[in-house]
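Once you scroll down, you'll see the structures, which are given as structure tokens.
The following pair of complexes shares a single chain, chain A, combined with chain B in the former and chain C in the latter.
Here is the complex of A and B:
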């Protein structure tokens, strides 16, 4: 019965070991899926490569379906899963900043480290910028602290806001994902006739 | 598009659609009958009214009182800082939130032992470990804490100590004042101190 650490099945001293193993697996899969290439990542924005969208949609729906079945079987208690609190307006602003950084730099923080692991120079420059950003944020934090903690909606989920069950939301989300897979495939098929397609090496 | 993708699409839709037809889950981590029987016969699952009074007075943060009587009874009379979860609401999410507080022991109480005992068994079956019952319920509370009976003259000293504690607790919970016998007037005799003679001479 999980979650394993909160329920004491595994001692909390294993936190970092487990995080390390999951981190290695995550990095490996990111690299294996082609996320160490900034062309793959920014392709979503320019509309010629939707591998990021399909990758994350797949991960999300597999996790959603899996957790729902695990919960039903009694292998995990979903009520004990920690849900990050939602600060709506600061999160929207943060998402815009992150999105702009994504397009300009061609990486997100995780993929930049994956790219460093295979020796990409642009990723090294990106991470230097990332640390500069962290430094600037830390310095100006006292001035934006009020906004940072504004609009706290608590530990809510989308299904709670919509007033539907988690299971129904999972089903709707899977349908949206499958439609997105098909539509992006159609777009890529159309666009790649004129744009030189990126090939996985 | 490769036809394998369509098979995967179909699989995902079937699996997620299947979720909608699952019956509501009832998979609490239930206690085994043997272990429940062992717990039921343990006298340690009961907490006396004196102990509860002490916990309330000392504001012990490790205990919480859950009153399982109907809400109208709770509104008429309740113990300080107790929660009201009527026995028919014991399986709700709100009740779950209260029982789930880490490191806090729950003491069930009702008018007598019966309802509190039922709540205790349900909570145990739901997998909660630190649950207790206030022995005798609120009837016993009134008898022992609010209106304590003075022990007989020949009673051992421990009974008198208990009586004194209960009397003090009664004052704490009811706000009554200590009764002082004002009829007895003791005569105060004043004895003046003899004036000491001032030392004369000397060095």
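Here is the complex of A and C:
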């Protein structure tokens, strides 16, 4: 029964080796899917390339259904899974700042690592920016601490907020994703007729 | 441009749906093994905390943010996310090598802007993303992707507002990309 490390099925001494292996798989999948290119990523915001949406939604759906299935089969104790806590207002503000950073910078942290791996100077600069941004945040933290801890809702799940079961939410999410896959495919076809094909580097 | 010349410009990436299935399975197994999801910005935070702690240990000790991540037994660098992020770099190298995409240092940018503009934009974008990731309790990987996959309400919020903001402001920065 999982999760294996929290339940002591695997000794925590394996933690960092497992982390490295999982990271390698993550980096490989990101790079192979084309996320070492910022212009490939930002296509999702201009309608000429929706790979980010296809990739991201498919991954969430597979993981969500997989967790439900593992739970159903009794292979995993979902109560032992880490649920990211919700601090509503700071998370909204943080996501908005990240959204602007995403459009200007063209990467998110994980994708910038894989872009560094294949020799993108802009990704190195982006990552140095991340370092600086987190440093600035840390330094001014005493002044923004109250806001940082505001809106604490605890480790709350989506289904608890919406008042529906996890299974129903997963189902709704799948439907939304499939509609999004179809609609963005139509948009992409249209936009590509009016836009010059761009060169990946 | 006809479709043949177009083809030349499209590198060999795997199908995004196939990539998504692979990533979904990876997230599932990460939860199954470790009980937590993936992440990326956390490694940079560890690097920041470590650096500041080396330069000014008394500053970090009394500081309400840094002190949360410092213990006298372990360096903040010996964290799960640091090892995972080193793995991400290695995995990127592996895939880049396999598909022939590793080349000399270069800057990818829209023909409408200069290299310099792209680098300045990358720096500003990085600073904003790093800053925002702390309020967001994670970035695209940790909060939006793994958070939503594990049904965290906050994860879903970060995903919606991160991409929503991207669409809302995309028009103003279109010259950077198209």
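For the reader, a short list of remarks on this structure follows.
One rule holds for everything that comes next: the second predicted complex is superposed on the first by the 196 of 201 C-alpha atoms of A that agree within 3 Å, B and C clash if a C-alpha of one lies under 4 Å from a C-alpha of the other, contacts with A are read in each partner's own complex, and residues count from 1 in each chain.
By our rule, contacts are C-beta pairs under 8 Å (C-beta built on N, C-alpha and C of every residue); 3 or more make two chains touch, one makes a residue touch a chain.
Small disclaimer: the values here were computed from a predicted structure and weren't measured.
In the superposition on chain A, contact of A:167 is made with chain B only, not with chain C.
Ranked by how many residues of chain A each touches, chain B and chain C are led by C. When the two structures are aligned on the shared chain, A:110 is found in touch with chain C, with no touch to chain B. By the touch criterion defined above, A:74 lies against chain B but remains apart from chain C after alignment on the C-alpha atoms of chain A.
Residue contacts after overlaying the shared chain place A:138 against chain C, while chain B stays out of touching range.
Shared-chain residue A:61: touches chain B and chain C both. 61-62, 64 are the residues of chain A that lie in the contact sets of both chain B and chain C, per the superposition on chain A. Within the complex formed with chain A, the residues of chain B that make contact are 1, 5, 9, 12-13, 15-17, 19-20, 22, 25, 27, 29, 96. Chain C makes touch with chain A in their complex at residues 1, 6, 9-11, 13-14, 16-17, 19-38, 40-41, 44-45, 47-49, 52, 63-66, 78, 80-81, 83-96, 98-99, 101-110, 118-119, 121-170, 173-174, 176-178.
Of all the residues in chain A, the ones that touch chain B in their complex are 1, 61-62, 64-65, 68-69, 71-74, 79, 167-168, 170-171, 173-175, 177-178, 181-182, 185.
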